[in-house]
Amino acid sequence: MKDIVFLIQCSDNKGLLSNITSFFYENKFNILNCQQHTDLYTNKYFMRIKIDMADLKISRKKLEGNFAQFAKSYDLQWSIHYSDYVPKVAVFVSKTSHCLYDLLVKAKENDLNCEIPLIVSNHPDLEYVADQFKIPFYSYDINKNNKLEKEVEIQELLKKHHIDLVVLARYMQILSGGFIDNYKNKIINIHHAFLPAFQGANPYLRAYERGVKIIGATAHYATVDLDEGPIIEQDVKPVSHELTAGDLKRIGKDIEASVLSKATKLHLDNQIIITNNRTIIFS
Amino acid sequence: MKDIVFLIQCSDNKGLLSNITSFFYENKFNILNCQQHTDLYTNKYFMRIKIDMADLKISRKKLEGNFAQFAKSYDLQWSIHYSDYVPKVAVFVSKTSHCLYDLLVKAKENDLNCEIPLIVSNHPDLEYVADQFKIPFYSYDINKNNKLEKEVEIQELLKKHHIDLVVLARYMQILSGGFIDNYKNKIINIHHAFLPAFQGANPYLRAYERGVKIIGATAHYATVDLDEGPIIEQDVKPVSHELTAGDLKRIGKDIEASVLSKATKLHLDNQIIITNNRTIIFS
Amino acid sequence: MKDIVFLIQCSDNKGLLSNITSFFYENKFNILNCQQHTDLYTNKYFMRIKIDMADLKISRKKLEGNFAQFAKSYDLQWSIHYSDYVPKVAVFVSKTSHCLYDLLVKAKENDLNCEIPLIVSNHPDLEYVADQFKIPFYSYDINKNNKLEKEVEIQELLKKHHIDLVVLARYMQILSGGFIDNYKNKIINIHHAFLPAFQGANPYLRAYERGVKIIGATAHYATVDLDEGPIIEQDVKPVSHELTAGDLKRIGKDIEASVLSKATKLHLDNQIIITNNRTIIFS
Amino acid sequence: MKDIVFLIQCSDNKGLLSNITSFFYENKFNILNCQQHTDLYTNKYFMRIKIDMADLKISRKKLEGNFAQFAKSYDLQWSIHYSDYVPKVAVFVSKTSHCLYDLLVKAKENDLNCEIPLIVSNHPDLEYVADQFKIPFYSYDINKNNKLEKEVEIQELLKKHHIDLVVLARYMQILSGGFIDNYKNKIINIHHAFLPAFQGANPYLRAYERGVKIIGATAHYATVDLDEGPIIEQDVKPVSHELTAGDLKRIGKDIEASVLSKATKLHLDNQIIITNNRTIIFS
């Protein structure tokens, strides 16, 4: 069953739910699912509404035009997503393969609704994984001097392939502010710690030294402020003193892969609205 | 802020969300929160809608009459709940105090929106707990021969105190079918196992013998079929071979208390709709 | 650092720990790690002791002979495991790839200490996965009439490749009692339910119908009594009414893969002793 | 069954396990339980050994003298704990009752092996809880000017009652360095955040603002560096955007109470060794 998802945010007002749902009812759409959230601190209203694409009797352009007109009167910010469009994802990696494998396997098993037309890396190490899944692998030798130049090349590549989402699957190279601005809210990163604890490098070693009893991982949208972007998904596992920093790393790999895949799925299924550095997750 | 909650279920139909929310909009109510669920297997529609009581300009009776009329045309089953009404809860216990304590403390700390005017028991042991919290304690010496007779007495007591909900906090006596029918969907029980595993007696011993690596507890509505009622809440903890059946019991106590309190809170906050022996939890 | 692990079980007796550790001390071995467990119900004693292989100044045969003689006087059941031996694992699959992928990726990333020289299947579907990892794939067309005959072929294949462990990675074909007897405590199965709940077929559909709030998976040694073997590892995830049986299946896939890989790792790292249909896990 | 626990730490050396267990074997003690840990980073060895008190044929003083002599030759740091001694615990509180209730109920139900002879507070609010459990309540009106003076009074009170452990059950007043030094490794604090995230005040509000998907609590030994002491126990719960900072606070209360009680139990059961600002937990 094909569907259309609207993601909407605006100032909270009486009658929003009634008026928006009436728009779809009057246009003879069956509402398959509708979720709302009102943030009492900011007085903002958020909605995800899913309608049946079989009820679409006019062109997509016309639907969007009609809704745009309606939206103007309520000052809605909105986006529209058709389930028959398959988003294109570029995965960025460096030397560790666990997150990459999890994404590729889930995409292949149709547990992620996307195409992965290319893998980008700043190291040649993981080309064999790309080969296993027959996906083109683009390796860039990036250093301080050529970084901006290489980033231009990479962005051209992304444009050429109409990439909708970049997933940093343990990509150990900080993207420049310009790159991030060009892909605002379209870059998901995995941080191998339970943010905001252990921001920065070597979180497992620092977790070991601090003697924490639980470790975790965090998937978030990349922003210019490192490790400070809107959090999408987090998970944790209990650990004991028996484990070395190396053990924590190994256990962490499973958490990282699972958290990154879940965050990617939430994005691809249009279940996320971003507001003020926080995410509203309609799951 | 006071509010009114409607819990609604009916056959799924186009326009339900739009029509129901329009009812409230036209009656000038601000919708504070609205959640829906469509069960694709049974084609049933479920809704929890919370409106601002400050917008109530007519009598409650009139509101209910208006909505009843509206509901008839869509064949809605519904109930209404005013947040300024404090439900009355009777707690039933036998000999173990952990679930009772957790309910009493949470009620006292205003983490459970209820009054507990009485505690019922088939053993005198826990009277001291009732005394600590200055709650009347009714102890019944129940055996096979006098069970139905005593149950009549207990039900009269419940009626006299206008009890809205019975919570079986490790009450080790099976209620008769008649009692359960009189309090349909108004009796919550805690089972000290992860149902449907280990139904019946001695779940911790059996969990030990089977060598499971996780134990749990289940809160459900009481039905005539023992341990088969609609599940409200479940939780689990990992366990190891180091633990004896006695240890499992001790660890289980925390899970039981927490699961029962959560289920009770969900009921008191009108977040549960029951359908076909399953619960829809709007949380 | 190479090491030698002894797994020991016997009746509990005063002085066991002191005497066993003295054996190793007198033979000039450094004990890297030692764990014990006494089961108070059965009065049995269990031990896992890891010594430094660098201290081995005699032949392995001689060490085993010496320990055998020592063990006789205390009536110890024991096994010895050298960390420089890489166990050989055969993975059995049918049509779903998620558990297979997780095992292959972890073996490739050196997170599982094993070689996987072959994959066995009763369906041709997953040959492409075997190809991706360049592992020979043996597909058998098994039916009621030829089952025992085909099992003989498969066992010959296992023997030829000196297989130490069989992992049933969602292999949807019941092995005969004879096969299981020949690989006693050497076959690990994944059951896609939180045993003992939902034994048998279609656990996710039944979990949906029963309205449970948590689903899980169980890895256990295969025994002739289906779904009744010693449990090695279990894990669970919370679920809500929003999810269809299909969603439960998708969520379950991650739990299954993770639980099966963990159980396989525990076995390969010689951290499991089996006793009376239960496992002692030294982790 | 009564027992004696030794907690031991020293530099790692060949033969330690054999020699220590031989000491007990030669002195005709049955070892009920023995756990070890070797920290590979610091080359330190840790042991918890539990022996049967029924085997004690000499005076406790003599046993301690004998072991002291033995310990000297291996340079062991050690402590001894007799299970028939019931430790005395002082609970410090301010205005919130949930942690206090959980400790009092568990002590009353014999799930904590201790006596609680007194409750100390810097506010009079919770006297009714102390009254419910018939425990003396000492309220101090503490401000900047009289703090050290009042702390002297409190410490005299603790001495008079032979207090072994101080549990800060949401005590919202920083103890002076002198107080902490006098009760080194004998003060357990609960911090209402998943340390090291959200150190300091208002963690739930800051967790809300940062949009984390999981909140937690941390029990640790109090040190002069606030929120930096050795972590004993941590636990977390998933949270969603639906929850206000107030909801996080309510959910957090359950985590705090449970984490603090578990940490207190681990301490009372002599399962903790502290080393370099980390804890070794033998559970």
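Labels A, B, C and D are assigned to the chains in the order they are written; within every chain, residues are numbered from 1.
Throughout what follows, contacts are C-beta pairs under 8 Å (C-beta built on N, C-alpha and C of every residue); 3 or more make two chains touch, one makes a residue touch a chain.
Computed from a predicted model, the values in this text were never measured in an experiment.
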item: Between chain C and its twin chain D, rotation from the CA superposition, multiple of 5 degrees; value: 180
item: Far-end chain from chain B, centres as C-alpha averages; value: C
item: Inter-centroid spacing, chain D versus chain B (mean Cα positions, whole Å); value: 36
item: Residues within chain D bordering two or more other chains; value: 242
item: Complex interface listing, chain D residues touching chain B; value: 97-98, 101, 105, 108-109, 111, 132-133, 242, 250, 253-254, 258, 283
item: For the chain A and chain D complex, residues of the former touching the latter; value: 37, 39-41, 194-198, 209-214, 216, 230-236, 240-242, 244, 277-281
item: Contact set on chain A toward chain B in their complex; value: 14-15, 17-19, 21-22, 24-25, 30-36, 38
